[in-house]
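Letters are used for the chains, namely A, B, C and D, taken in the order the chains are written, and counting of residues starts over at 1 for each.
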Amino acid sequence: MYSFKNDYSEGAHPNILKALFESNMEQTEGYGEDKYCMAAIKLLKDKLKRSDVDIHMFCGGTQTNLTAISAFLRPHEAVISANTGHVLVHETGAIEATGHKIISIKVADGKLKPEHIQMAIDEHNDEHMVKPKMVYISNPTEIGTIYKKQELEDLYGFCKKSNIILYIEGARLGSAICSKENDIKFSDLPNLADAFYIGGTKNGALLGEALVICSDFLKEDFRYFIKQKGGLLAKGRLIGIQFLELFKDNIYFDLAKHANDMAELLKISISKYGYLFLIDSPTNQIFPIFPNVTINKLEEKYAFFIWKKVDEENSAIRLVTSWATKEYNVKTFIEDLREDSK
Amino acid sequence: MYSFKNDYSEGAHPNILKALFESNMEQTEGYGEDKYCMAAIKLLKDKLKRSDVDIHMFCGGTQTNLTAISAFLRPHEAVISANTGHVLVHETGAIEATGHKIISIKVADGKLKPEHIQMAIDEHNDEHMVKPKMVYISNPTEIGTIYKKQELEDLYGFCKKSNIILYIEGARLGSAICSKENDIKFSDLPNLADAFYIGGTKNGALLGEALVICSDFLKEDFRYFIKQKGGLLAKGRLIGIQFLELFKDNIYFDLAKHANDMAELLKISISKYGYLFLIDSPTNQIFPIFPNVTINKLEEKYAFFIWKKVDEENSAIRLVTSWATKEYNVKTFIEDLREDSK
Amino acid sequence: MYSFKNDYSEGAHPNILKALFESNMEQTEGYGEDKYCMAAIKLLKDKLKRSDVDIHMFCGGTQTNLTAISAFLRPHEAVISANTGHVLVHETGAIEATGHKIISIKVADGKLKPEHIQMAIDEHNDEHMVKPKMVYISNPTEIGTIYKKQELEDLYGFCKKSNIILYIEGARLGSAICSKENDIKFSDLPNLADAFYIGGTKNGALLGEALVICSDFLKEDFRYFIKQKGGLLAKGRLIGIQFLELFKDNIYFDLAKHANDMAELLKISISKYGYLFLIDSPTNQIFPIFPNVTINKLEEKYAFFIWKKVDEENSAIRLVTSWATKEYNVKTFIEDLREDSK
Amino acid sequence: MYSFKNDYSEGAHPNILKALFESNMEQTEGYGEDKYCMAAIKLLKDKLKRSDVDIHMFCGGTQTNLTAISAFLRPHEAVISANTGHVLVHETGAIEATGHKIISIKVADGKLKPEHIQMAIDEHNDEHMVKPKMVYISNPTEIGTIYKKQELEDLYGFCKKSNIILYIEGARLGSAICSKENDIKFSDLPNLADAFYIGGTKNGALLGEALVICSDFLKEDFRYFIKQKGGLLAKGRLIGIQFLELFKDNIYFDLAKHANDMAELLKISISKYGYLFLIDSPTNQIFPIFPNVTINKLEEKYAFFIWKKVDEENSAIRLVTSWATKEYNVKTFIEDLREDSK
């Protein structure tokens, strides 16, 4: 049984384990103030070409989101999210648990545009309603689509003009940046949002997300919030070491590119067999539509999520590739699909 | 410079790194539903001799505390803690941030007794005040003291009679259990509290605490709370593997015993030189009182916290030993102290 | 300028002022434990034919909602509401501020049906999502429609079967009960929901809502929550006296009937002139569609809300009648409209 | 049975009822935007000699405190309060329920001084602890003592220097201002704190507290918070009318002076009989120490709280006078006490 269920089925890139091993018996400061975290933060700033940003390490995406959002907003302020947004749907109300409403905007492609934000502003016009104050987007989105540079520029420009914070969730940021359709450089990011995070867990780390706070007005006292929400790791070096390894030789991008390549290989082959896709996604998640009988057959050898019923006889499934997906696994899948499709 | 500042200065016990390495490329389920977590939970239940408890894995102590406490209590219910309690002092208001007041009880030895609880109940007698509903204790306490079995039995008996939950924070639980003065068996614990946690981070793990919920009425829907508070790790196996390693050959207790032995070696030698201690602590934290000039001298070679000014010329410092402390480090410290003491 | 903007433009029914005046210099217990509150609660229980319910007095609707909902739910549990729900739209995120997500269900008539609840349950099926645990409905709804008895029976039956709490907001409950289309008796209410509130502010009181908790499992410690949320009035008798006056001679229902009658008078006359309505509402809010030029003209003499643009030349407005609306005011409006319509 | 239990046993000053009666059938705007609220706010600004302050009306003290404090602070920031503080003890954890810790400072006289604040700052020095950001004081304090002008100037000066907000709870502010020992003018108040509230409920209103926000940085979006916490009354005029009545002829101060006079009359007479007082309080609460047998006797005719056991045979009781206390009631009490004391 091979799993295409997600991009966190395996452990970490071997370099990371090696670095953990080598540094293991060194004594360091706790709570993310060690030399590895410092070095990782410096390296990330270099790659982002912005020495003035603040960077904080987290264990996971939900924790990053809830800590950042609750630190950035006052009690009456709300988040605007696409209806597919991870914070809206898949975090067990973590944001509401910190007191903030999420305004849901229905979109087809997972992406927010300035007109959506304007609509939310227009609909919330007095003190009997929450005040829209943050736009939350994911890049890539939860359905694998990505923002083009011009789109992000427009959105961030609109947000700044409207006095609204733009926050980008980047659980799969590597996959967006390494997508063939992408035109955003990694070093563009700090200029395209007030804050964003660089996901490690889904791109080769054991765990770890790096939150980048670009705008000065969001930086103050941020470590207090991490501690209060339970996110300050005693052995913070564990995350610092991993980001250092992932970025020092640009492995981060190599791994993401590999995941994308594997997804594309799947996509091309599946297309060749005449299947359609629910969404046109240029990253490491794809959503082919198969007959239910084919799906049942595939499920004997592969694990994946059935994403959506399309009609009585067909459903879309989600296939996720990762840094750890081997070309062999993809080819076998294609082979098995071909057999099925006969 | 050698550090006695804490018990989380180094990485993990080598067995753990080895196990991470060996399992690295296996595909497993996410979010703590993998075979390693399952095996670790089964093993812990065996060691605790209670198959009916629920066990959940967390990244760190503050997160365990805030998730458990906010899950266990209704909005008007409060926690009773000794004035030294970690939740009260050193978690940036994490518990209050989930909406709950902590009632502080001033005690000399870090330990709560039934009469303290009775006092808190007596002082909170109508709906204009919070309702005391949980007793939070740490074993060992934040100042290194431990509860005897009879003390815990009395406290838990009193709590049950008073319809109050007893929760034990166990960040350094290994050190308590392996203390020479301890008379509580590991398998006694589920019968002495409604819930407690087994600390991994301070006893040889990279990160990880295992929350044990003993009482049925606290178990329902618990995974929802972990997710909501950002504590559900995508690669949950990372913690499962560690607890499996720590407990499969009882390394957990060997490491804790070693830490205690190192502390005792320090204590005996320091006593011999005629120094006194601020607190009589039989675990891996000791609090010797030294002249400030001696402290200044020691600080040139050792890192530690100055705990409390005793008088104009003397202060108590905190020395923490761990699984990673070498006898050589202790002996050198003693040697240096002797030089100083001449 | 006469206002049809809402049903809280005037003060209180004269009987209430008289009773306040007569009782003014009596000394009573504070915080709702006085004889007037006791008598009002007893009277309400009699009218509801259920001596076992718990009744608590509140200052306003938002406070009633936020206190009840946050008392009834555990942190991971969510409320299901129609997309028009007051808690969802017009309470500045009051519910989310207590930590709970509201799941919005799009409906045309403001009313939830069992199939909507089933849908919400189906879409929230594991611990990565909130757990739907309460259905919030308003009767009448925010757009003036009402539930029939069979509808409420079906909904409550479904909720009980699904282990979900049914809570009815009754800011305008009198208007629902006194609607010509209504078939629910006041004394049916405790058998049709786990909790509901009887709105006073919009039906002749200066302020005041009475929360009725019908199901035992929701009753415990409820006064703690009122106090914690700031809703326990020192001079609680202020609300007790008002409910006593409103219910002792059934004035409450007379006032509501009058408001409905005035709305119907408006509706019949407006219909005669050939105008249509946005919604068919049998209570004290009506939503006629007028040409914008007519609206502009009416605005010179009347205050009301423009509810919705219908097309380029027509909009729906909202007209609200109340216990204080005089037939004269209605007739003058109709007269002026007739002039306009010529 | 006459009650000295508190200052909210009766209804409202007759002028208030008269004004409610006269304005009853007028139509006004809702939610505190009516002409009465506007006029009351203007009048208060005039009396305070500061046209730039913001004033908001609330139903009660706990709601004022919880709304103001949660609006003014960020999530990691804490309140410093004397151990007698109402927010700390008697609001069912209302402040903690909004997420904020209260740091308790033990004092004998209910009053905080700069050295207490410095101590709290010193003890909270990194991100593992909350950040002290607001000083909460009551004037008069919960035990009837008052701040002198120099004391408030020192405290506010210290707070400003330390970047800490000073907030004064004024549930009995009238009694403080009208105390014989007081040297603070009503119009001094906006220059002595960042925000404070003027209590109406305990000084002749049916309900109502007026929050005065003096410092610009605390003003933004404040009405959102009132709405979110359930404090925005639909018929907001109810509070506006009352403050207008209380302040237009300075009745507010007359009522408070009367309450103080009645307390002093009690105090002088009780002293003459040779009894001592637990606290020396120059406002409308006094704390005489009587033999338990005397207390039992008095309880047959008077209601009051037994405040504290002093020794086996004596206890302190609390006697509260108000605008409604008649000289006759005081004299009868004194007479009865004299009988007892024979």
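Note that a residue touches a chain if its C-beta (ideal position, glycine included) is under 8 Å from a C-beta of that chain, and two chains touch if they have at least 3 such contacts.
Keep in mind it's a predicted model, so treat the numbers as computed, not measured.
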To reach subunit D from subunit B by way of touching chains, what is the minimum number of steps?
1
Could you let me know which interface, B-C or C-D, is made of more C-beta pairs in contact?
C-D
Taking mean CA positions as centres, which chain lies farthest from subunit A?
D
If you average the CA atoms of subunit C and of subunit D, how far apart do the two points sit, in angstrom?
34
In whole angstrom, the CA-centroid distance of subunit A from subunit C equals 43
Subunit B to subunit C: how many Å between their CA centres?
51
Could you list the positions in subunit C whose residues touch two or more of the other chains?
75-76, 91-93, 97-99, 127-128, 130, 224, 227-228, 232
Seen from subunit C, its contact residues with subunit D in the complex are 2-3, 5-6, 8-12, 14, 17, 20-21, 23-30, 59-67, 91-94, 97, 201-202, 206-207, 224, 227-235, 237-238, 324
For the subunit D and subunit A complex, residues of the former touching the latter:
31, 70-71, 74-76, 98-99, 127-128, 130-131, 221, 223-228, 232
In the complex, subunit A touches subunit C at residues 75-76, 78, 89-93, 96-102, 104, 127-130
